[in-house]
Amino acid sequence: MSTAQHDITSTDNRDRRNHGLDVLAKIDGHAGTAVIDSLAEISPALGHHVAAFAFGDIYDRPGLDARSRQLVTIGILTALGGCEPQLKVHVGAALNVGLTPDEIVEAMLHSAVYAGFPRARNATFAAKEVFDSRGVRPSSATSPD
Amino acid sequence: MSTAQHDITSTDNRDRRNHGLDVLAKIDGHAGTAVIDSLAEISPALGHHVAAFAFGDIYDRPGLDARSRQLVTIGILTALGGCEPQLKVHVGAALNVGLTPDEIVEAMLHSAVYAGFPRARNATFAAKEVFDSRGVRPSSATSPD
Amino acid sequence: MSTAQHDITSTDNRDRRNHGLDVLAKIDGHAGTAVIDSLAEISPALGHHVAAFAFGDIYDRPGLDARSRQLVTIGILTALGGCEPQLKVHVGAALNVGLTPDEIVEAMLHSAVYAGFPRARNATFAAKEVFDSRGVRPSSATSPD
Amino acid sequence: MSTAQHDITSTDNRDRRNHGLDVLAKIDGHAGTAVIDSLAEISPALGHHVAAFAFGDIYDRPGLDARSRQLVTIGILTALGGCEPQLKVHVGAALNVGLTPDEIVEAMLHSAVYAGFPRARNATFAAKEVFDSRGVRPSSATSPD
Amino acid sequence: MSTAQHDITSTDNRDRRNHGLDVLAKIDGHAGTAVIDSLAEISPALGHHVAAFAFGDIYDRPGLDARSRQLVTIGILTALGGCEPQLKVHVGAALNVGLTPDEIVEAMLHSAVYAGFPRARNATFAAKEVFDSRGVRPSSATSPD
Amino acid sequence: MSTAQHDITSTDNRDRRNHGLDVLAKIDGHAGTAVIDSLAEISPALGHHVAAFAFGDIYDRPGLDARSRQLVTIGILTALGGCEPQLKVHVGAALNVGLTPDEIVEAMLHSAVYAGFPRARNATFAAKEVFDSRGVRPSSATSPD
């Protein structure tokens, strides 16, 4: 492998990428695959490494369950700011792996302590868009009408 | 209070929240209340703590006048980046507590030294939107026509 | 309460603070209380709000278990960078609420995907200091000798 | 000069600004000048310092060629996040000074290692908008149809 | 000036730098000059631009008084994190231009709302070092013994 | 490979890691290998991915020469802040791949425009430590005695 480890068209890298795509599809369904597809028109290598490295190498590791990984990810993306597209993908993934809308907005409220209220609020509104598109709501939220 | 300090429906927390809402209304008028209201449909607890903690506990403290608090806030939000919604609320609040449009854009120019020109520029254009909606302009700005 | 909600010496605020200190002591033991004590000599109000707000109001909320809160917190502090003192307190707290050393370093490896390798590495070495002081190690780590 | 060094209408400062505008025009053509013009209606002093300091004083220094400056700039803006408007200007400038679309997306892929995948992805999509408007594409990108 | 605007040894740039050094000395006394001197052994041009641009061009502008500039600066440096050396210089400068220790720690407590508690705490302990070296303390702080 | 892509002890992953270590050794000599070794006692998986992914998969890609990669990296690490350990490794690597001390401090001065002076100054002093340990200096720097 070492002569062209970086060659994303090699059989080894195709296998790594395909395994990552399987992990991603299991968590995210169509949303995840769409992210990789949209990268193909501008940076296939970035798409490759999101699949092969982020999902195939890391996300699939047995050391943390999917629910825990999503909690860490929500904390990071809320703190970074400016990652609303990624946050929406991961809020969707969080719902898929069993986190409830109440837990997700609670994690974002918790983030206000460490990353400040503006980051927490922006993350919460990104979550709202995902919840709305899925027809779910935190039980604590008031009815919109 | 201690058995359910976190219960935002308790009388104590309602009092804390209402006091914060009063502080917020005095500074921000409708814009501030709208922020809390918009949170109610997704995370009432986040809205509660913006009112009760951020405005009732902190903003209302006597140690710094409102003008000084807004200068600190503009510095923070400019530096963080990606907080344009909050920056617009606080530019409006800054005008309400007596900062002039010239002082606000000057604070953002000052920020370029410490947080770089891109953050300063983004903050300045966020301020422009607020100024335009209020029909005010820095005296140094050229006439748009 | 509203006439002096900000007065941290009031009975109400003392109760809120004491409740927060109880929550903190349960999670962090002496390390947490030491943080508040060290703040008293420079900013008692900051110490009050860490106890009353961060721990009494937020951490104690029932919406997320302590393990989940620590996972979110580790994600945030890793992503922010420059928060090594806080990270050490929360790595200690994470151990106290049942996260294993393996899970903690796994969460930090996971962070490399979203916040980059430098932040993940700095967090991991902060964790190492806590592990060393407690005499624990991830099972995957090589023996130091 | 010292009695009013800050006076941006002085002859000295007009000269500094005009020189910076020349540097900017050589790199960016109309896009750069448009940035300065758009600032005139809100903060002429910010526009002055972008031209006089950023381009006249710094960018024009002989210590690094334009290609190298754009690589550093792309790294910074990708890492900061929330600087998509500036990133688009500098992706355009990068093309103007001879970086290829392949090199630009490669620099952003490289950024994923240090600043995480979300920042790298956001930068890459900002680059795509510039490439699309110029009718160029990385050679590695798949055809959109 | 335009043929070598970037030449920091020119008479014009020496004048700009000297004026900036005067502004800096008035605010910061020896601490400020020491910052420029320490840069001379590694990057004289960076030292030049701190003096000529940051202090000569920007800090000296009449649009905001020194007290207001320090409040903005404290907000920015607290939010950025990892800027403890700069924060200490500016806490010293803040004292010099008339902000009290109580106002400075209050500004940092205020920052907790927008930038989170870890950044506020780190800034507060940086301020404590400056206060200790000057033999001043917030009136609210408990006596150390 | 897919049944245990995440297993860092597999032959495939050992090959990927060893290739990355070769790339790293060529750029960084002992400094780079020391980083991986120091991680083995706390998070071997993090060390594996620094070698296999960061160096083997990404750094070794042909799309950008090593000099360009180091310029991007210096921009990112300067902008992120709090990455002084990594910055020192990469300043050393930058010297190894042919960037001069003058170019490195120039890149950091350039960063002041986009990321602010505090980040630029901190990066410059980190570079100074590396230069001192190697007995090199920018030609523009004043003699220390």
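Going in written order, the chains are labelled A, B, C, D, E and F, and every chain counts its residues from 1.
Going forward, a contact is a pair of C-beta atoms (placed from the backbone, for glycine too) under 8 Å apart; a residue touches a chain by one contact, two chains touch by 3 or more.
This one's a predicted model, so the numbers in the text were calculated from it and none came from an experiment.
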{"item": "Identity of the chain that, by mean CA position, is farthest from chain E", "value": "A"}
{"item": "Fraction-based call for chain D against chain C, same above half, different below", "value": "same"}
{"item": "Centre-to-centre distance between chain E and chain B (centres being mean Cα positions), rounded to whole Å", "value": "24"}
{"item": "Whole-Å gap between the CA centroids of chain B and chain F", "value": "40"}
{"item": "Separation of chain A from chain B, taking each centre as the mean of its C-alpha atoms, in whole Å", "value": "30"}
{"item": "Multi-partner residues of chain C (each touching 2 or more other chains)", "value": "45, 49, 53-54, 58, 61, 63, 76-77, 80-83, 86, 106, 109, 112-119"}
{"item": "Touch-based graph of the chains, sorted into line, ring, star, complete or other", "value": "complete"}
{"item": "Touch list for chain B against partner chain D, complex", "value": "81-82, 105-106, 108-109, 112, 116-122, 124-125, 127-128, 131, 137-138, 140-144"}
{"item": "Residue ranges of chain E in contact with chain A within the complex", "value": "112-119"}
{"item": "Touch list for chain C against partner chain E, complex", "value": "35, 39-46, 49-50, 54, 76-77, 80-83, 85-86"}
{"item": "Of all residues in chain E, those that touch chain B in their complex", "value": "53-54, 58-59, 61, 63-64, 68-69, 71-80, 83, 86, 102-103, 106-107, 109-115"}
{"item": "Interface residues, chain F side, partner chain A - complex", "value": "1-2, 5-6, 12, 15-16, 18-20, 22, 45, 49, 53, 56-58, 60-63"}
